[in-house]
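Heads up, the next two complexes both have chain A, just with different partners, chain B and then chain C.
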Partner chain A sequence: MDPRRTARTVSDPKVRQVGFFTPAPPERSISDPPRFQDPIQPPSPSPTQVNDHSPSGNSLSPVMIPPAHHHSDNFLRTALQVTSPTKAFSYSAKTVTIPPENEDVASSFSPGRKVVSAKSPSSFPGVKASSVPASELTTVSVVNLPPGISEKAGGASVEVQNDRPVSAKTLKEKTSKAERRALQEAQRAAKAAAKAEGTKASSAASKVVTSANTKPSKAAKSSSQKNDGSQVAASEKKGGDRAPEKDRKKDAPHPRMQYDDKSRVEKAKKRAVVKQTEARNRVELFRHLPQYEHGTQLPDLETKFFELDPMHPAVYKVGLQYLSGDIRGGNARCIAMFQAFKEAIKDYSTPPEKTLIRDLTARISSYVSFLIECRPLSISMGNAIKFLKNRIAKLPLALSESEAKSTLMLDIDRFINEKIILSEKVIVKHAVTKIQDGDVLLTYGASSVVEMILLHAHELGKHFHVVVVDSRPKLEGQLLLRRLVRKGLSCTYTHVNAVSCIMQDVTRVFLGASSVLSNGTVYSRVGTACVAMVAHAFRVPVLVCCEAYKFHERVQLDSICFNELGNPDAISKVQGREEINYLDGLVNQENLQLLNLIYDATPSDYVSMIITDYGMIPPTSVPVIVREYRRDHLWS
Partner chain B sequence: MDFQVVVLAGGNSKNLTPLVSKELPKPLLPVANCPVLNYVLHQLEQSNLKDLIVVVEGEDAALLVGAWISGTFIDRLHVEIAAVPEDIGTAGALRAISHHLTAKDILVVSGDLVSDVPPGALAATHRRHDAAVTTMLCSIPVSGPLESGSSGGKDKAKKLGRYNIIGLDPSKQFLLHIATEIEKDARISKRILHAVGQMEMRSDLMDAHMYAFKRSVLQEVLDVKDTFQSLKEDVLPYLVRSQLKSEALLNRTPQGEENSTEKVSSQNNQAFISRILANASTPSFHGIYSENPDGSSSTRKTHKCCVYIASSSSYCVRLNSIQAFMDINRDVTGDADHLLSPNNIIGPSPKLGTKTTVGPNCRLGEGSEMGDKCQVKRSIIGRHCRIGSHVKVVNSVVMNHVTIGDGCIIQGSVICSNVQLQERVELKDCQVGAGFVVTAGSEYKAESLAKKEK
Partner chain C sequence: MPDTQALVNDFLNKLKKRKIEGSQATAKQTAELLRSVISQTRMPYTNQAAALIHSVKAVGERLIAANPVELAVGNVVRRVLHIVREEDLSLTTAAMAGLNLSAESDDEDDTDRDNHPALSAAAIAAASRSTLRPPSLQTLLEDVPDSAAVPHTSSSGGDSEGKSKSADKSSRSRKLKHDVIEAVNELIQDISTCHELIAEQAVEHIHQNEVILTLGSSRTVLEFLCAAKEKKRSFRVFVAEGAPRYQGHLLAKELVTRGLQTTLITDSAVFAMISRVNMVIVGAHAVMANGGVIAPVGLNMVALAAQKHAVPFVVLAGSHKLCPLYPHHPEVLLNELRSPSELLDFGEFSDCLDFGSGIGAPLLHVVNPTFDYVPPKLVSLFITDTGGHNPSYMYRLIADYYSADDLVLERRTTSGN
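Then we have the complex of A and B:
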């Protein structure tokens, strides 16, 4: 469409000069100058119009997240707390006593209640003749919880195991063979889990754990080690909160389990809350991803509604909504999860003989693994969870429980406000400068940021046309289209099949993203790569809008390693059209495999620019954001 | 999970007149030698719901039920009994204990429900949709014994008239219309029909009388509409009818966090969050309806009425007629024998005479004695019964302490406790009330025999 642009070779991403032009904010240029100005390549005359319209964008200053407080004074104390529990916890398993629960249970109805001892039914004449408006309740049966059942007992026994390193000497004579073996296995599992994680940090963590066995005081060397240590300790404990069996607490479920590894899958199944029947016919390349028979999970989880005692109702509700697809989209899922966690923290009270920091981390971990069972986490959620756990681990010990809780709730609010809402607003401000009168904008799927950009540009009185490209089976674009049309935007709706025809008229492509990886790959709704590639072929600039909290340090070259498989039935059947049933009865045949991918990876070659809350950057600069900003602001 | 469970056990039911009496209220009516209330409580216990409120009509009945529960479920359940006056209806009973309800949601279960549908499924559906009320529907059970002919024609005719007309939305998640009886013309809200676009009318579903209510909504409705008597016939249809025009009374309640947060438009961020969340989900027709044409959310208030439809393979029957009593007895010993709880102990095997045959699908209580050459088929015999020789019992229920003389023939009948059948009595499709004495040689067919009230 534009003769000024020269052809670019796909193989050389360095040629691209398109994206980056915001005046580098001081801290960024200082931190990493060579990345931004490619000195090797002289600026070609090609840079697209994107460049030409930039001046107004320059006026925007990058968002500054206020520097977080450093709890340096608390470092030592927290570290000690995390790695070597205080003496209060070094009791032996035999001394744990569970207070009888009847009193708590019985006291739930206070006014006009008559607690009749269950063993003396002779006192029943005490049931009062009640008038219509109010009637009395008579307790006829009470429960004496056996000590093994209550959650407290399960947690306590685990606690004992975790604390053993400290009091190992004294306990050594007392422990039976089975107990020693369990301890050994737990340590081995923790090591294995850390190894599987494959990141540097966690290997340091395992070091911490093992060294804690010998000399706990040495363990706290650096802050990073300390944090990871707490996480590993938490994951070790987590199983205990859900079920007292020793098997369950061994290895934390890894979000990225390889599902073609049979032994690990078996283990995970034993632990799972949601019963998952794996589908039989899976596409060869994607065997490592979980694929469950759809339709079996939801009813099964529903029947267990009352049996998952430690699960907070709000978390449970969010899990159900993930599973049934009532909530989708990275931002919405993240917000819903955090709101549920906030509720859970509000209702949380530290059990006796435990510390808030450790118990709450374990609690949150168990919630998270439940949510993973409902649907694999998105990268944005993973980042958010890391943030929250970090905040918990860094709580100063001196805080009272209510103070700690309110601090955490404020932190959650702050995260939602700053990382999601504020950054969306900034992205909108940046992106609106790229919209001109007479533009034809194309978007794919339904991205919340892109929607806000379009609406905001419309409010500013710009005249432009929107092309909404959609795809089966979710047809999310229709919902976006509905909201846009209601606001009075002029729109065209088409499916992805026709994208090559309509691309001729398009001047900009705006895309949302689930995540941006550090090699500039955009991980997004399946079909995004296709749209971006067509746009690239037609030399239409592709602008990806993504909040910085969704950035991830991982490098991914294809969409096979990490992905999510959706319900294969969704593509074999057409909703609302019963007469299309050519695949009926074939679905379970051995030689038919259905593949419903959820995400794909767009190579950075096809992306002209990434609009994020720190400004507009080329995809090559993603590592800078990941390195500089996340470490400074998110994790501190 | 922030749920409170209320079991409406009932008292003396008129539908079951000869079977229930002052000494034996309906909740304690034995089904396969085990009170019917046991099935509900057992089901709840298995779902880890151990805090229950049992509402019984009448104080005497409450005493009896309380004594039984404390004897059976001691150390297993935490049960509180509330006695309410008779004939105030299900809604009235809830109104009477309304001040004891504190949890966010209330699960109301009828005490005469024999079912293997987990209550958690209903509760989860309720939570997922954030509904005002969720009701469980199940397919109408096959009534009548397997062999035709021996069933009471009267009961069957009555049953046919008791259809539920139920309107569902295309996704079968929301309840749009419910009417308990067939009237000449059904009135369907135009507003709802317009909002949904398509309604599916079903008459093959039955309201199983298991509901999950949002507590605030339930209490408001009970307070304001103080003439409502029955949950099924008044409260539920009212909530369904008004789901798109929730009246002021429902607005004060914190129903739906979205609504309350949207109101505070000054808190921009909150509105932002709720908009993101709302946009991320597929809107139900409620959401679309409450939107203004320009897309902004308006002040129209809605609440959701959801349904949970039990799968057709599960068992779900209410014991509300004599026919249903017979059916349940048959099913519980036959097809649905997994419902029998393990604590239903079969005592030391009864003493049988020579050449006596006991067919399949039978259940004999402890301490019963039978004479020679008896035949028992598809029947239930209670504890400490004495049965003479040459007795034939088919398709029947015999409760405890019954004496049956030689040569009796009993088909398709219910014989309550402490009945005496003298020799050569023939009963077909009869109900014999407690303590009745049938004189020797008499024959009855399709009659209800009971002691006269003194």
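Then we have the complex of A and C:
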């Protein structure tokens, strides 16, 4: 989190151009908004964005880290359209502050949402510059301020302060300065609030925000208040919540459920809708992961379809589809989940005596835990859920129920379009530039993005050969193979063991990913690591295609600490080869364990390049994307 | 010798149709066949060794041509040829020694030879092996004093092959054949007991609570692991199933029935699991002279993963798997493609396979190789029936078993006998 270092990474175009980069950078120049965002993006970004963005000088860089405000601006716009009170509020906020700058946008927006942009340290020098004029604004005292606003604004400013590239200050200085700036922000916000019916809305919003913060934030609360220094904390009791240290802490992903912890597992079981029987003969190394008897719960759940009251049928259906394996693949699962949530939100009505924001969040949480029972969430789904919960939490209280619902549904649609469908298109556009005539491309398993890339390259008339490598037990490669051959691509099919025999003819390896972790580790279908390793040994470039919404700030070094266990019976029986039945009578033997790992972690040294919607980046730049992304979308 | 011919043809057929599984079985059957070939060979009065070599070579060539990828066949043929040469040599030397004893009594090692008359032939044989010179009569005559000077250095070869009885000139004609057959019998014995010798070393390599990974199935590996288990070592084994033959299932079953803690994983999970593995123990199809291994498909991947995590990669190989050739482009030239039906269901993909028919070349290819080549730098240790060796030492070990004349088995008038 050293701001200086990352800032340099962003601004130095030379670093980016090592290895692969797109030969057509002009379309990504500053003044021209990235084309892929066009459908969502306002046609002409405001000049402030350009100003903010220019110091990072990525006009040459193939990596497009879009200006942080495009989206917030965009959000603002939608907010303007949908919600009248916010409109007044934010608009006024904008008019108050003279230079429409980075933090102004953030602060103007703060009542409606948690200030997450502040959480991720900014790498843009623009932020630094903006802080100077802001400090000149301090005149009015903050006595009458609504507490919610002051806290929030304070939080934002403190954070910005921290993020300055020159952060060689003691904590004490920081807090005092932060306090000063908190006042300014608060004052500014107060003016705005006075114009709108701000008091009510903002206080409610702050309440919402606190309610949305789950356990880990609570844990962080006490310590953060301690660190924060008494001066600040005195004026903002609740405001300890907003403090930067707390935000920092929340940055770290909270620990996952460990299934070897007996008491917690028992607790979780009591709440569970799906009653799964635990598998016997579990592998010692993987006791911390859940493993259930496969297929035992499905019929049971199907009968319960009409009995389960709290569960929305659409969610229920998706859960069953996850369970049976009808929906698989990160994007497909994510889209299906969001569609189901959309249905659920559509049919949702706030019970009397409850607020929509709280109740809906709780409702979504219960859906999510049901889905987890069906199949552990993928990391991309986790990110998507975070987004949705965040959107719910940020709903202005003044919205009527129907308005809130339609806002959320719009948000969901936008997420699907923007983060998944458009991302894929952009990735395809980038990746196709890496395919030349006469190439032999190897892919492993079935990745939807890689398939799109191959098909698109074929449509462009490029002549290349595809090697589809597959492995047991899912044999997803066969499905991909079939689709590719149907489209007229010439393909070679083989299994993962033979990959080192075929690798010497291969010129590029294209791999999909379930997630990219912030140490550059690619978390993907089991076997991906093998393929990448062999490609590395044969000096074949490995290109990983992954949408940015699948990036995650977790780190992982091996495939054991976190993984998913599939159905062990799939191991003992070989599909289509009935003669291999050596293990038929032995499945219940105590000595025999069957391990069906679903994912593995590919070390970043095997990955030459990651193709994402922000461009083509080396694996070392993943944390930058993670950070920018969170900032960008007011994530978490 | 019509019955030999029939036997040979039968075996050729089996080889061609790949009916014989495993290099051990192949090696054993080859040796047995060659034994009967030798016993059926009519011996001329002069130059008997040449006649034997000729007939063995004639059969051997055909066998090798029948399945050039099964290197064990070639290895055994070469071993038998080597045996013939050595027996001939030892007989000759013995005869010569009898002649020379009186003449060269002032030789410094004379006393040695007097004390161990039975060893001398073996010693000469060993010496000639070690100098890697063709043991022709010419070299022999030149080198008698030198080679006789190293009787005690002969270690393994001496007692197994060089069973020289007292040289009896009159019975020499029967003697050569008899000796050769006896030596071939010993070779067969060696081949069938090589696991035991290898398994004996298990306790030296496997310690308590180890995690061992293996891929596919190999009898040698099974015996090795079980030998360690019998010595009360408790350890767990990860077995990768070894697609597309899934022999790993078989190995897992055997291990489980013998009470070993076994976990069966898919081949794709090898990389994920290797970080928790202490040692990789695998069998081989053949070991080349440069220390490279021709192994069941998938092992190169395992070896690379083991190297990444600095896990020792141990290859178990009986001496019949040691091949005196240096591989060139072994991934292709020493490989064999199996039926695509093991990977794809023809019925299911028949429509895809038909797509290309109009254009010419089919759109869908299926590659299903049998073997992988593991380069010597990825192998940590070879364990053979003579002990553990470095990959860089293999060429020397191999030189002990073969004579340089036989490396190229083509019908050509070779030097030597």
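Operating definition for what follows: the second predicted complex is superposed on the first by the 375 of 636 C-alpha atoms of A that agree within 3 Å, B and C clash if a C-alpha of one lies under 4 Å from a C-alpha of the other, contacts with A are read in each partner's own complex, and residues count from 1 in each chain.
In this text, a residue touches a chain if its C-beta (ideal position, glycine included) is under 8 Å from a C-beta of that chain, and two chains touch if they have at least 3 such contacts.
Just so you know, these numbers come straight off a predicted model, no measurement behind them.
J.: With the two structures laid over each other on chain A, which partner does A:R486 touch: chain B (first), chain C (second), both, or neither?
T.: Both chain B and chain C are touched by A:R486.
J.: Taking the superposition on A as described, I'd like to know which of chain B and chain C A:E401 touches: first, second, both or neither.
T.: The answer is neither, since A:E401 touches no partner chain.
J.: Going by the contact rule set out at the top, does A:S572 touch chain B (first), chain C (second), both, or neither?
T.: After superposition on chain A, A:S572 lies in contact with chain C alone.
J.: Looking at the overlay, does A:E459 come into contact with chain B only (first), chain C only (second), both, or neither?
T.: Neither partner.
J.: In the superposed arrangement, which partner chain does A:S448 touch: chain B (first), chain C (second), both, or neither?
T.: First partner only, chain B.
J.: For A:L583, is the partner it touches chain B (first), chain C (second), both, or none of the two (neither)?
T.: second
J.: Contact-wise, after the overlay, does A:A537 reach chain B, chain C, both or neither (first, second, both, neither)?
T.: Only chain C; A:A537 stays clear of chain B.
J.: Check the residue A:E553 against both partner chains and state whether it touches chain B (first), chain C (second), both, or neither.
T.: Once the two structures are laid over each other on A, A:E553 reaches no partner at all.
J.: Would you check which partner chain A:R328 touches, where first means chain B only, second means chain C only, and both and neither mean what they say?
T.: The answer is first: A:R328 touches chain B but not chain C.
J.: Intersection of chain A residues contacting chain B with those contacting chain C?
T.: Residues common to the chain A contacts of chain C and of chain B are 486, listed in rising order.
J.: Which residues of chain A touch chain C once you look at their complex with the stated criterion?
T.: Counting only chain A, the residues touching chain C are 283-285, 470-473, 478, 481-482, 485-486, 488-502, 504, 525-527, 529-530, 533-534, 537, 558-560, 563, 571-572, 574, 576-577, 580, 582-583, 586, 589, 591-597, 600-601, 603.
J.: Show which residues of chain B lie in contact with chain A when the two form their complex.
T.: It comes out as residues 1-3, 47-51, 53, 55, 59, 62-63, 66-67, 69-71, 73-85, 88, 92, 95-97, 99-100, 102, 104, 118-121, 123-125, 127-128, 130, 269, 272-273, 276-277, 279-283, 293-295, 311.
J.: Spell out the part of chain A that touches chain B in their complex, as residue ranges.
T.: Touch residues, chain A against chain B: 105-106, 108-109, 111, 113, 118-119, 121, 124-125, 127-130, 132-144, 299, 301-307, 309, 311, 313, 316-317, 320-321, 324-329, 331-333, 335-336, 339, 416-417, 420-421, 424, 446, 448, 451, 479, 483, 486-487.
J.: How about chain C: which of its residues touch chain A in the complex?
T.: 236, 238, 241-244, 246, 249-250, 252-253, 255-257, 259-273, 275-276, 297-298, 300-301, 304-305, 308, 331, 335, 340, 342-345, 348-349, 352, 355-356, 361, 363-369, 372
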